[in-house]
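Dropping the structures in below, format is structure tokens.
Two complexes are shown next, each including chain A; its partner changes from chain B in the first to chain C in the second.
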Partner chain A sequence: MTLPKSKSTPESAVEKKPIPWHIVFFLGPALLIYLTFSVYPLLDTLILSLYDEQKGQSSFVGLQNFITLISDDNWSSAFWNALANNFQFFIIHMLVQNPIGLLLAVLLSSPKLRFSGSYRTFIFMPTMLSVVIIGFVWQLLLSPIWGISENFLYHLGLDHYFDAWLGKESSALITLSFISVWQFVGIPMMLIYATLLNIPDDIVDASVVDGANPMQTFWYIKLPLILPTIAMVSILTFVANFNAFELIYAVKGALAGPNFSTDLMGTFFYRTFFGFQLQEGSATMGAAVATLMFLIILVGIMLFLFFVQRRIQRFQF
Partner chain B sequence: MMISAFKNFNLGRSVPKSVAIHGVLMAYTVIALFPILVVIINAFKERRAIFRDPLAMPTMDSFTLVGFEQVLLRSDFGLYSWNSLVVTLLAVGLVLLLGAMAAWALTEYKFRTNLLITFLFAMGIMIPIRLGTVSILRLMVDLNLVNTLTALVLVYIAQGLPLAVYILSEFIRTIPKELKEAARCDAVSEYKIFFCIILPLLKPAMATVAVFTMIPIWNDLWFPLILAPGEETRTITLGVQQFVGQYVTDWNSVLSALTMAIVPVLVLYTIFSRQLIRGLTSGAVK
Partner chain C sequence: MLKARPVTLLKQSAISLTLVAATITSVQASGSLSIESWRSDDANIWSDVILPAFNQSHPDIKVHFAPTPPAEYNSALQAKLQAGTAGDLITCRPFDTSLSLYQNGHLENLAGLDGLNEFSDVSKSAWVTDDGKEQFCLPLASVIHGFIYNKAIFKELDLKVPATQDEFYKVLDTIKSESRYIPLSMGTADQWEAATMGFQNVGPNFWKGEDGRKALISGEGKLTDKAYLETWQELAKWKDYLGRGYQAQKYSDSQNLFTLERAAIYPAGSWDIQTFNDQAEFEFGAFPPPVVKAGDACYISDHTDIGIGINANSDNKEAAKALLNWMASAEFANLFANAVPGFFPLSNHKVAINDPVAQEFVSWRDQCNSTIRNSYQILSRGTPNLENALWNVSAQVINGTMSPEAAAKKAQDGLQAWYAPQQ
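And then the complex of A and B:
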């Protein structure tokens, strides 16, 4: 009885484990592609941001690129402008997109609502289309040449408020933010709607039996249960906004006009890397901008994980 | 009984409320659809009609297809669509296959680097692959892949894998152990267990992953612009962007180009919207 046991233990300890070929087979291809085209480029970018390249000569410069970005006369104003614009872009999304998404989700989930499937499908439709297409569509609609928006406001008696919003320095960024909000309102709506559907009926029924009115039921029962989803929607919005590029590029071009008033980190990154007008593109400065974007997104995710997530009570169904 | 009585009571009281709910939802539906419809309607109208009455439907008088003719004449729309289709299908197909294999390995087998690799993939869900663009471009130059569809497919696989691995892993965990154990008792190989037993079971989750992977790839402008801007490898999104930029004053052409980019997506969306919404609401992505 003891023989096989005592024999096998030292043997397996001495013998080298055979390579688990089946694991290599299953995991290898995905890991290889992911490491080569996602993890390695990201790490390489972080390292590249510490170098300077002049005429093919690469030299280590430490944090000099970052210092240039945030304090050099030629760079800092453009950088801070893009960063401030990006925060404005994000705040408009948080204040407009997510509350509207929440409202629509709550309405959609009202019991025995007819046509809820159709509403859902239609409201989500713009989200499916390319940001580039949406940008062009709104550029046409807001064009003073075509005059659709002006006419529309005329019928509401508000036509004197009409302006070439996309062309004005003071209003272009806000207008673009609203276009983006219009397109992506479907995402918070869907995610919050899904969470609302998953709230068990007995909890809601119990509150009704206890005499809560619909508002109370929403504030004290449903809202706490959808807070984790709202937190997740916020972080998704944050990452997407600090990564935005296409809308600005499609509507305003890489120069993010007028006078850089619609410049975001994404367009700033693109110009830094590829160059524009008289300024030559620089891979190392581009890498430095990308690294800063990476840090901003990382800090956002950390804040989300450590503060928001921890404070949210987790309800187990 | 009590509860249903309460519910009926509530429902009876809230007829005006339900009108208000429908009012708000309908108003927002109009806001969501109106801009798209205006563009599509006007693509079929003559230039003068576009400006005279933008909201009118095309009539016998104003109907024209001149915009579409111009688009097809001046740009290679067929090629762009084909490129987009090839890139999207190859990338999504490989994300599904490789993602499922990786998810299986990470959930089924214990090995030393398992946690590290799982964490690496999880990071990719949140960290946008675009941030590595500088190095991706250099890599593609070194590999001689600039202006090839292969470059796009490879990048999109890397972009799609993290979410695919995450969703599929969650799904694989719900598959009962008995299935695999019974197969192992019968000395079925690990490869056969995966490809003949597990993979067919993953179909519903794979449909969800396919939708989430497909949309960003089809709509992407960034990587086609940077890795494959050449005429031969242009995708539809880049093609439309360049075309509209070039012929911005030709309203018929611009409206038609946008319509040609919008309509196929809307048709596909209408067909698959139930699948998509089920995927979103099943809680697969949380």
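And then the complex of A and C:
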């Protein structure tokens, strides 16, 4: 709110603008909450990650925690494993969740579809359920002991494909990704659906008059108009996936078994910060992991903003 | 002090913290005590049987039993202690975990507590500093490993309780080929079952109990030795006798398979007796881990498992000490041993155990040599600690994703990396 000063203005200005108290008054509360609960914890985490705590004494160690995390064998293998798993988790969401969300949104927005309101509600329902419930239910469904999946596959004649998917190193992470996709597919669907409804009918009508078939209408008219939403959905997926923790914790516990094959950055952070089994937790090392998670997400978003977001055209109707 | 810092982490930690916070109890009023414990299975016994008995002699002290699930206990407790919200009494894991809590100033030195006189030095050894001078937890109970079996199924298939390994596998083969029952009820999803009910259960017969355990600590023995290799080879054989999809089978699944009479033998800790008494509608018995060949000396894992100490920041230390002294009494020992069968009191009082299966377990003390789990004392002080490594490799050996040789090498390499006597 500074006013441009001209060079000729004398130092002792006679007329001062009164301090805009009303702006302070209106912004203050929100700013205070934001500073206290968002900025301060974040900065404090960054600072904490530069310390080490031994027997209750904390000392400044610079970047040593990060060097340990990336180079020490005990830490680095777990860290890279969690990061690689996290990318796999993210890629599965991008390749499965978002295309299915898009498809469902397009189907739902079709004016000929009956009961579209009911479908919308049912598909969105899992998103509103607690992750703990989702984890528990799917664990029971897929259980080789009590579950119904084997019987279900038997009726389809596919029972020899059944396996203890959640218990095998090769399939546990993929299975958990699919459970997560199933739960959250409602979010991209809703966002894209809302955008599709916003496309004015006259544009679509015009394309029909021009002789476009439904596929062409979708590819050349609708898709370009919903691209900004798809971009936003991708960013949301990225952030949510790299913060993911609850589902893995609910289904596989903090050990993210078997043999850490379902370990994500979130569970890795949890074990580091709170400890597990007989391993003691370390607040400083945990802060270092949290800082790296923050940086990964930050870099991801910046790359996205720089290379993708700037090139997307927005249309005003 | 750094103690307020855990509250100020990123969003991720906020999620985890709420998980932990959900278990934090708010009973902190004066004249009342709260007990932190991982024995959520026994919560009703504490509140209905043990604590009312305590209140008969100490009516003015209100005690609240606040358990956390076992897998989360250590981390939840640490977070609570750091945040200053932990209960007055802390149930202590044996050896290094509690020692480090004491060294970090979270547990009170129990010097001068009268009740300590009721325990032998061996019982107290799990909760004392390395120089043997400072006692920080009062011993509560030990647990014994073995196998629990369904007597009805054994009768139906005309099976005899196995004493040697050959007999053990003959029994398993018979169950597998001649019935629809699952021979062994164990899963690897939770990992600790593989290490605790598997490795630490059958292992002492191979590494000769205390001899092998002490050799590991002194550095004379290595985890790549024949004894340990044979233990893992033994576990590798188990996978043919476990239920379908055992890789996704959790601890509670294993318990349920046994109590629903779908499995014949359950690799057990004596603490399971309590659960099975409640849930199983058939008769069950127990046998100790089979020896290699007939006539061999037998070894059992008789692990000093539970102690109880006082939170150094408690406002009610006098009341807490009164409770600890009562826990050292003969009255408590009798009450506890019979209310929670499978936990065997460690005090010097003579205790009559009524539960037949618990009697069987405790009778092995006379025939066999006792030892404790080899990863608990000293060997879990470094990174990677041995207990964690054993969970991981034992589960992988049973899953068939790692050979016994590779398991031995990985465990030994991890220990060698930080433990000087092994280098």
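Here is the rule we use: the second predicted complex is superposed on the first by the 285 of 317 C-alpha atoms of A that agree within 3 Å, B and C clash if a C-alpha of one lies under 4 Å from a C-alpha of the other, contacts with A are read in each partner's own complex, and residues count from 1 in each chain.
Please note the rule applied: contacts are C-beta pairs under 8 Å (C-beta built on N, C-alpha and C of every residue); 3 or more make two chains touch, one makes a residue touch a chain.
Note that the structure is a prediction, hence the values are computed from the model and not measured.
In the overlay, answer first, second, both or neither for which of chain B and chain C A:273 touches.
A:273 sits against chain B and chain C alike.
Among the partners chain B and chain C, which is in contact with a greater number of residues of chain A?
Chain A has more residues touched by B than by the other partner.
By the touch definition at the top of the document, which applies to A:258: first (chain B), second (chain C), both, or neither?
After superposing on A, A:258 lies in contact with chain C but is clear of chain B.
Given the touch rule stated above, what does A:45 touch, chain B (first), chain C (second), both, or neither?
both
Figure out whether A:53 sits in contact with chain B (first) or chain C (second), or with both, or with neither.
A:53: touches chain C, not chain B.
With the two complexes superposed on chain A, say which partner A:165 touches: chain B (first), chain C (second), both, or neither.
After superposition on chain A, A:165 lies in contact with chain C alone.
Contacts for A:144 in the overlay, against chain B (first) and chain C (second): which applies, first, second, both or neither?
second
Thinking of the overlay built on chain A, is A:287 touched by chain B (first), by chain C (second), by both, or by neither?
In the superposition, A:287 contacts both chain B and chain C.
Which parts of chain A are touched by chain B and by chain C alike?
Shared contact residues on chain A (touching chain B in one complex, chain C in the other): 40-42, 44-45, 48, 146, 243, 245-246, 249, 266, 269, 273, 283, 286-287, 290, 293-294.
How about chain A: which of its residues touch chain C in the complex?
The touching residues are 40-42, 44-45, 48, 53, 55-56, 58, 73-74, 142-146, 163-169, 243, 245-246, 249, 252-255, 257-260, 265-266, 269-270, 273-281, 283, 286-287, 290, 293-294.
So in the complex, which bits of chain A are touching chain B?
20, 22-23, 25-27, 29-31, 33-42, 44-45, 48, 100, 103-104, 107-108, 110-115, 117-126, 128-133, 136-138, 140-141, 146-148, 151, 182, 185-186, 190-191, 193-194, 197-198, 205, 208-209, 214, 229, 232, 235, 239, 243, 245-246, 249-250, 266, 269, 273, 283, 286-287, 290-291, 293-294, 297-298, 301
Taking the complex as given, what residues does chain B use to touch chain A?
2-3, 6-7, 10-11, 18, 21-22, 24-26, 28-29, 31-33, 35-36, 38-39, 50-51, 54-55, 98-99, 101-102, 104-106, 109, 111, 117, 120-121, 124, 126-136, 138-139, 154-155, 157-159, 161-162, 165, 190-191, 194, 215, 218-219, 221-222, 225, 237, 240-241, 244, 251, 254-255, 258, 261-262, 265-266, 269-270, 273, 277, 280-283, 285-286
Under the touch definition given earlier, write down the residues of chain C that touch chain A in their complex.
Chain C residues touching chain A: 2, 5-6, 8-13, 15-16, 19-20, 71-72, 74-76, 78-79, 82, 93, 96-97, 100, 103-105, 187-192, 243-249, 253, 257, 375-376, 380, 383-385, 387-388, 391-392, 395-396, 399, 401, 417.
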